[in-house]
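To keep things simple, chains are lettered A, B, C, D, E and F as they appear, and every chain counts its residues starting from 1.
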Amino acid sequence: MKIITFGEVMLRLSPPDVERFAQTDTLSMHFGGTEANVAVSLAQFGMQVAHVTRFPDHALGRAAAGYLRKYDVDTQYIGYGDGRLGLYFLETGAGSRASQIIYDRADSAFSRILPDEIDWETILKGASWFHWTGITPALSQGAADCLLVGIQTANRLGVPVSGDIVYRSNLWKYGRTPQEIMPALTEGCTLVLGSKGLFSELYDVVGSTFQESGRALMKRFPNVRYITDTKRNSVSASHNQLSAKLFDGQNVYKSRLYDIRPITDRIGTGDAYIAGLIYGLLTFNDLQRAVEFGAAASVLKHTIPGDVNLTTVAEVDTVANGDSSGKLRR
Amino acid sequence: MKIITFGEVMLRLSPPDVERFAQTDTLSMHFGGTEANVAVSLAQFGMQVAHVTRFPDHALGRAAAGYLRKYDVDTQYIGYGDGRLGLYFLETGAGSRASQIIYDRADSAFSRILPDEIDWETILKGASWFHWTGITPALSQGAADCLLVGIQTANRLGVPVSGDIVYRSNLWKYGRTPQEIMPALTEGCTLVLGSKGLFSELYDVVGSTFQESGRALMKRFPNVRYITDTKRNSVSASHNQLSAKLFDGQNVYKSRLYDIRPITDRIGTGDAYIAGLIYGLLTFNDLQRAVEFGAAASVLKHTIPGDVNLTTVAEVDTVANGDSSGKLRR
Amino acid sequence: MKIITFGEVMLRLSPPDVERFAQTDTLSMHFGGTEANVAVSLAQFGMQVAHVTRFPDHALGRAAAGYLRKYDVDTQYIGYGDGRLGLYFLETGAGSRASQIIYDRADSAFSRILPDEIDWETILKGASWFHWTGITPALSQGAADCLLVGIQTANRLGVPVSGDIVYRSNLWKYGRTPQEIMPALTEGCTLVLGSKGLFSELYDVVGSTFQESGRALMKRFPNVRYITDTKRNSVSASHNQLSAKLFDGQNVYKSRLYDIRPITDRIGTGDAYIAGLIYGLLTFNDLQRAVEFGAAASVLKHTIPGDVNLTTVAEVDTVANGDSSGKLRR
Amino acid sequence: MKIITFGEVMLRLSPPDVERFAQTDTLSMHFGGTEANVAVSLAQFGMQVAHVTRFPDHALGRAAAGYLRKYDVDTQYIGYGDGRLGLYFLETGAGSRASQIIYDRADSAFSRILPDEIDWETILKGASWFHWTGITPALSQGAADCLLVGIQTANRLGVPVSGDIVYRSNLWKYGRTPQEIMPALTEGCTLVLGSKGLFSELYDVVGSTFQESGRALMKRFPNVRYITDTKRNSVSASHNQLSAKLFDGQNVYKSRLYDIRPITDRIGTGDAYIAGLIYGLLTFNDLQRAVEFGAAASVLKHTIPGDVNLTTVAEVDTVANGDSSGKLRR
Amino acid sequence: MKIITFGEVMLRLSPPDVERFAQTDTLSMHFGGTEANVAVSLAQFGMQVAHVTRFPDHALGRAAAGYLRKYDVDTQYIGYGDGRLGLYFLETGAGSRASQIIYDRADSAFSRILPDEIDWETILKGASWFHWTGITPALSQGAADCLLVGIQTANRLGVPVSGDIVYRSNLWKYGRTPQEIMPALTEGCTLVLGSKGLFSELYDVVGSTFQESGRALMKRFPNVRYITDTKRNSVSASHNQLSAKLFDGQNVYKSRLYDIRPITDRIGTGDAYIAGLIYGLLTFNDLQRAVEFGAAASVLKHTIPGDVNLTTVAEVDTVANGDSSGKLRR
Amino acid sequence: MKIITFGEVMLRLSPPDVERFAQTDTLSMHFGGTEANVAVSLAQFGMQVAHVTRFPDHALGRAAAGYLRKYDVDTQYIGYGDGRLGLYFLETGAGSRASQIIYDRADSAFSRILPDEIDWETILKGASWFHWTGITPALSQGAADCLLVGIQTANRLGVPVSGDIVYRSNLWKYGRTPQEIMPALTEGCTLVLGSKGLFSELYDVVGSTFQESGRALMKRFPNVRYITDTKRNSVSASHNQLSAKLFDGQNVYKSRLYDIRPITDRIGTGDAYIAGLIYGLLTFNDLQRAVEFGAAASVLKHTIPGDVNLTTVAEVDTVANGDSSGKLRR
C-alpha cells in the first residue's frame, strides 16, 4: 500500500541531553516535520510511503532528503529550488522545566512552493492514503493552494485523506485566516484529528462533548468518516499521561490510559499517533484495535530521540496488547 | 540594582552522564563556587552582579573569569596572582547510588587572598546587596580577614548583607575554629541561611523550633532581620523533596513542598534558593512570594547541568505559581 | 582470598543513551560476560580474582584483557589463539520500550577452547572459590569439556564451586542438550543459582516451592549446600523491583524488596548479585547478611553503565543497611 | 542511466581520530564494501544506482540498507536472511604508523547467498553498467556462483561489465582457488582493473609493460575493451602520491600525478577511482578526461571520513581540471 | 584604550572535523562576524573593546552576546529586537577539497537595525578606534544608514576609523549598489583594507601597483592615512602562504612570507590580521612592526577552531619575531 | 625479564583536538609521568614491568593505577596515602602555535613519599633493570631519599640502572639544589640520558663534544657504561625532525634522522626513546640496532594520543628498518 504525505521538513537542532541553549556548544541534528514524521513512522510499519515537499537546492536540502530515504521514505517527488531550509531549535526540558522551541522557518523553500510544481495526478494515482496537516496552509498562499489541489485530486482519485487540523496562530502571516482557508481543505477529509475547541474556532461547529461536536463536524463536512483526538496530562516534562479516542459517527473507541515516564523526546508523539491510527485503519478491521495501536505508537515515540517514531509493528503491538514491562529482548 | 558576591570559584570536572571515575576518560568542565553560583543566578534574573574573587594568572584562571562573564557577571574586580586553581571532581549518582565529590582545592589562588588586595569601598559603593558564605572564612586567615573587612564596609555603606553560614568541618585547617571566626561575620548580616543545629554549634544559640532558635539568633545578632532554611528529603539520588521557610522575627513563611524528579544536577541547588530569595526580597514586597520564588528557583536548578542556575524570572514564576507541568513552550 | 572465574568475554557495542540501532553512528565499547562480570565485581570488593578465558590473538583480544586488568582482575591465565572475538550489540530501552540485544558470538576464540589448554591444577591451587555459568557448556563441546575438568579439579582441591545454571535455548547448537551436559557440571557445585522451573527442565527435579524444589535438588546433588535465586518485577525498562533469596537446606533467607528507578544499565545485574553473595558467603558469618549484600550489589549495578559492577563494599553496605537515599558524599 | 553493483557490505567500526584499539572506548560506525562504495560514489554523481547484496534480517542489517539509501542507492533488490553482518575494525594511522584492519566477516549473510535468490534478469534489464570485484568470488561458492550468473545475464542483455579483480589470498577459504574461478568471471568483462602482476598470477597472462600485459589479457578475454590501474606511492600514512592509467587496446591514457596530503581516510579510494572512471566512460566521449576524472575522484576521497566518496561531479571536475587549491567556496 | 566595532554576529554551525554536511549528525556552535572577530582578537590583546550589534530577543540571541562577553568584549551597547539570528553553515575541507559555506542570514535582527537605535555619541565618546567592514552596508538600507552615522560621529569626535571594504556581490539585495553607498563610508576612514582591484571596482580609482593605486585612493579620500592588504597563496585547503603589506602614502611596509600548514580553521584569518594591525598602530611606534604583528596574528588564527583569534600579544610576538617552531611551553 | 620504574604519575587533562583552554568545555583524561611512560612502553614490548609510585587513596588514585594495569604494568608495589593526585593541563598546539602545559602537581601524594614506605629489596630482587629520572629528586626530600635507596639497592643486587637526568629548574623548591642531590644518584647509573650542557650544569663535567663530555662523565662516574641523547629540530608544532645517539665509551652510534609529520602528540616521545633503547640493550646484542630501535619508537610515539607509547616490537622494527611508508595493514 502506497501512502502520500505532504508538508515542510525542517532541520532540528538541539543541545545534547538537557543542556540549555545558553550553555551548549554542540547541537544534534535531526530532521522533522509533522507530515514527514507520519511518513517515516508508516515506513517503519512496512508501508510504502512517499513524502512530497520542496527543499533548497544545496547540501543541507539534499541531506534532509537523505534523512527521509534512510528511514525508507520515497523521495522521488521532492522538488528543489530557491529559499532556505526551515529550522527549529529545541531545548529539551526535564521535571518542572519545560522544553522550548525557537522556530526559524520563515521564507523556507517549502513556503515558496507553487501548485504547478507538484504533479498530484501522478503522485496520488494508486495511493491508499493521503495525509496533510494545518501547518501547511498556514505557511503561505502557495502552500495552501498546492495542498488544496492535492486534496481535490485525492478526492477525485478516491484516495482517503486525513487532516490533522492543528492550528498555530503565530504562523498565519500571509494575510489569510484559517477560517477562510481550512474549511475547503477539511471538506475533502475522511479522517480529521482535532478537538472540539478547534472545531468551534475554525469552523464554528459546536458540540458539548467530543461525540456531539464530532457529529456536528460530520454534518458540516459529509466526507468525514472518522474523528480522532488525543488527551495528554502533563505531570511534568518527564512524566505524561496519554489516551486517544476515535469516533466513527456512531461509537467512540477509547484507548487505554498510558503512564509515560521517563520521557526521552516528546516531539512527534502526536504524529506517531496519527501514523499508528492510519496503519490501523488500513490494516485491521477493528476500530478499537486501530486506536489502541495509534496510542501505543505514540507512547513508544516518547522513548526515541528525534522527531520520528522508529518502531516496528511488533513493538507497537506489544505495548498495545498491554505489555509495557520493557523486558530485555535477546 | 548592583549586587556583590565574594568567594572562591573552582573548576568542576565530571564524567559524562552517570559514569564512575573508574571508567571515564573524558571530563566535562564547569566552574562554580557557592557565592559565584548565587551571582550567576541573580544575573539571569536581570540583576547587575559583580563577583569578587582571586584566580591564578594563567589560561585556566582567565577561562574561569570568562565563564562568569558569559553568564553576565561583572568580573572587573577579580584579582589574579599566585596559587593554583581550586578544583573538584564530581561523580553524579543515580537511584540508590550517591553522587560523590573529591575536593582538590587546597592552596588555591583564592585562599592566598589578603585584605588589602580588595578595594571594598569602591566595590560596595552604591550596591544593593552583599552575599557571602561560611566556606570563605574556612579557607584561610587571609580569606576570613578579607571577608570581615567586606562585611564591615557593607555595613558602613548601608548595604544589606546575606550570609549562608554553611559549615564544613574538613575545611577549617589553618588553626582557627568557626566558633572563633563566624560570630563577627554573622553580626553584620541582614539575612542568615542556617539551621537551628548550626546556630547551636556555631554560636551556642539554642531554641527548640526554627522560630525559637531564630528569635534567639536575632537577639544575639540584632542586625539580622531574616532567617531562612531549606528542608530536603532524599528519596534517592534521582528523587528529592524540597521546601523552604523564612522567618522575619514574627512570622514563618513556608513554601510549597516540591517533588523533584528526575534530578539532573543537584549541585548548586541551595545557592539557587538563596539567589531566588535575595531577588524576591529586593523585588517583591511580599515575603511569602519571595520564599516561594526562592524554592521554585531551587527546584528548577535540579534540572540544569552545572553548578549555576540558568533560569529566567518568568521560568521561576511559572513554577512558583504552581505550574510544574513542564509543558512544551513554542 | 583468590577466586577463579571461567567463561567467554565479549565486546559489547551500544549506541549512546537510548538511541536506536537505526539512528546511531557511534557505539560505546564495553567488555563483558557473565562470569567475568562476577570477577570484576569481586575485584572491586577487594578480592584477588583471576579470570580464565581465551581471546583471539589480535589488538582487540588484547584490549579485552586490558579491560579486565584495569578493573583489577588477574589476566595471567588467559590464552590467545584462533577464532574471533565474540560481540554483542545492545540497544538500551526506556519506559515501555525494551532493551534489545543482537548476539554475534558464534565461532569465537573462546568457543574453540580445548581442555588441555588450561592448567586447572595450577590455577585452582590455593583458590577460595570457583565460579561458572550455564553459558559456557552451551557454546561448544570443547568449552563444556574444559569446564568439567575445571569443576572436577576444584572438587579434588576442595575449592567451593558456584554455578549459575542459566539456560539459553538458542545457544546449544553443537549437538548436545543441556539435559545431557548440565547434571555432571552441577554435581560439583556448592552453590547453585536457579529457579525451580529450571531445576525441573534441566534435571527433572521438581518441587512446588523454592524450598521444596531446592531440597529435591540437594538430594539429587548432595554437594550442593546453597541454592539461590532472584525475583524481578519489570514495571518498565526504567523501573524494576528486585529481591533475592537463599536456601541452605533448612531456612530461606530473603532480602528486602528493592524499588529500582531509574535504571541506567540492566545488563550484568544478575552477575552483580552472585558476586555479592559469594563475597558475603566468604566474608560474613551470616547468611541473611550475605543475601542482602548480594541484592544490594545488584541494585547498585542498575545505576552503572557497562556490564560490570564498579561498586565498593562500603557502597553496597550502605544500601544493604537500608539507606537508598543517594545523598551526596563529599 | 541505471547502474547495478553487487557485493558484500560490512559494518566498519573505527576509533575516533587516530586512537589505537588499545585505548579507545567508542567506535564510529560506517558501512562499506568495495562494490557498494562504487555504488554510492556513482549515486553522488547523479546516476541511478541499485546495489544487490544480502543482509541479516535484524536491526543492523536494516541499518546497513538505510545507510545506502541515505546516499541515494536503490536498495529494493537487497535480500534478508540468516547469517551475521560482516564487520571490520579499522584503526587509522598517521605519519609512520600504518592504519590497520581486523576483518571479522566470516559466515556473513552475504557469504550464504545462493544463485536462485537473485533475479538477475529483472535487475539488469535496462541497466547501463554492472560492476563486481574479486572479493565476492573469494567469499563462498554461493557468492561465486551467483556472481557468474549475474555476469552472464549482463552479457546476454548487452550490459557492459566492469571487474576489479583484486585478490586477497587470506579470503579464499572454501576450497577453490582464484585460478579456477576468476577466468570465467573475467571473460564477461568490458573493463578490468588490475595490474600486470595480477594478470600473471590469476590468468597466467604475461607482458613486460602495462600495455603488453593488457594486450595479452585482451587476447585471452576478447570481450575486454578497457584495462585500467592506479599507482600509489606511500610516503607516509598521511602523505601519498597517486596516478592512474587506462588502456583501450591502442593507447595508454595517463592521469596527472597527484600529491595527497593530509590523508583523512584512505579506505575506498580505489573504489572512488573506478566509480569516477565508469562515470567518465558513460558520460564523456573522451578517454583522457575519463581517467583524469577517476583519478581526481580518488584524490578527493582521501579527504572524506568513511568508505564512500561523497563528492559531486562539480567538485571532481575542479580537481580534474587542475585546481587543487581547496579555496573556500561561499 | 577603548575600541568600538560594529556589525552582524552570526551563529556558525559546522560538522566535526572534516565531515561533510551529507554525513554529519552533530554540529559545533561558534559565533562570529567579521567585525566582532576583530573585537574579540583585540580583547585578547588586552584592549577594552565594545561591539555594537542587534540580536533577536531570545535565548540564542542572548547566547551570542554571552559568547562575546566570555572573550572579554563589552556587550552593553547591544540591542535586542525582532528578526532572526543570522546563521552560516561551514563545512571544513582538507587537501584538495575546499571548505564551503552555506549562508542563511537573510532578514536577521541586525539587518533590521535603524540609525536611531544606536546612540553613537555615547558609545564613541573617548574611543581610540572604530572599525567597520563592507558587509554591513550590503545587508540593508538601515544598516548602511546606521553605519554612516557611526562613521560621521567618529570623525566628529576625532576617533580613527578603519574600514575593511570587502565586497560580496551576492549580499547587496536591497536595491542599492556598493558604488552608490561605499564612497561616503570610505571617506571617513583613516585605514582602508582592500586591493587595487576593489578600489577600481568600487571607487573607479585606478593604479597599476598597490602603491600607485593607494596613492590615488588617498587623493580621492584625503582622510585615509593607511592602506593595507594581504596576499594569500592557496596550495591546498590544508596549506596556504600568506603575507601582508601596509602603505602610509610614502613607503610600503611588507611582512615576512609565512608558510601555514596544517590549517585548522581558515575563517576569520583576515579579521585576525586587521586586529593585529590596529593593535600595532595603536601600540607600537613602528609601521613595520605593526604589519608584521598583524600578519603573525593571522598566521596563528589558522591554528584555532572558530572564527575568533584567541591568542595573546606574547604568542603573536613570538611568531612575529620569526619563531614559528611551535616548541612546547611548560 | 622484570623491569622496575619509579616516579610520579599525573592525571593529564587536555581539550579535544587543538582547542584552546579558553574555549573548551570538555577535557580528555590520560595518565602519565616520565618513568611510568617508560614502563608502559616496555610492557607493550612484552617485558614484565612494575611501576613503583604513591597515589592518593581515593577513586582517582585507584583509576590511575587501573590505567597502568590496563597497559600491562604491574601495580602491586604502588602505595596509597595522603596528598593529592598531581595534575597537568595540556593544550595541544599546531603549526606555529606551541603546545602548552600548566602543571598542578604541588603537594602530590607522591611528593609525600618516604624511604621506608618502599621495600626496595623485595621489589628489585631478580630485576633486570631499574629506571629513574631527574624529575623525582626535584619534587621533595622524601622522593629524593627514597630514590637514592632504590638506586643503592639496585647496585647492591647487580641490577642495571638508567637515569634520565632531565632538569626542570621550576621544580626544585624544597631547599636543595640538583647539584647537591644529583651526583649521588648518577653514581649508581649504568646508562645516562643527558646532554653535555646538562653534564656541565649538574656535575661540572665538561667536554666540547658529545663524545668528550661523555668520556668525562664516565671518568667522574665509573659505573656509567652508556651515555645517550636525542636531538630534535622543531620546524613547527606539527613537524619535527629527530635523531638519537649512544656512546659506549668508545664509539658513538647514531640513528637515522627522522622527519616526523604530522605530530599527533609530542608528550612522552623522549620516554618512548629511552624505553626503546632499554629494550634494545636488553634484547639485541647490537648497539646500533638498539639506538635505532629507540629512535624509531620515539618517532612512532608522535602518532599516538596520550603520554604512553602503545606500539609493538614489530611496529617499531618496521620503522627502525627504514619503512616509514605507513602502508595499510590488513
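What we mean here is this: contacts are C-beta pairs under 8 Å (C-beta built on N, C-alpha and C of every residue); 3 or more make two chains touch, one makes a residue touch a chain.
What you see is a predicted model, and the numbers here were worked out from it, not measured in a lab.
Trainee: Counting one step per pair of touching chains, how few steps separate chain C from chain D?
Mentor: The distance in steps between these two chains is 1.
Trainee: Return the chain whose centre of C-alpha atoms lies at maximal distance from the corresponding centre of chain E.
Mentor: Result for max centroid distance from chain E is chain C.
Trainee: Greatest Cα-centroid separation from chain A: which chain?
Mentor: Taking each chain's C-alpha mean as its centre, the farthest from chain A is F.
Trainee: From the mean C-alpha coordinate of chain E to that of chain F, what's the distance rounded to whole Å?
Mentor: About 46 Å separates the centre of chain E from that of chain F.
Trainee: Can you work out the whole-Å distance between the CA centroids of chain C and chain E?
Mentor: Roughly 62 Å separates the two chain centres.
Trainee: If I count partner chains per residue in chain A, which residues reach a count of at least 2?
Mentor: Those would be 17, 20, 22, 25, 66, 71, 100, 262.
Trainee: Show which residues of chain C lie in contact with chain D when the two form their complex.
Mentor: 13, 20-22, 24-30, 58-60, 62-63, 66, 84-85, 87, 89, 91, 100, 102, 104, 106-107
Trainee: Which of the residues in chain B end up touching chain C in this complex?
Mentor: Listed in rising order, the residues are 17-20, 22-23, 93-101, 103, 168, 170, 234-238, 262, 266-267.
Trainee: Within their complex, state which residues of chain F touch chain D.
Mentor: Residues of chain F touching chain D: 17, 71, 258, 260-264, 299-300, 302-306, 310-311, 315, 318-319, 324-330.
Trainee: Considering only the defined contacts, which chain B positions touch chain E in the complex?
Mentor: That would be residues 66-67, 69-72 of chain B.
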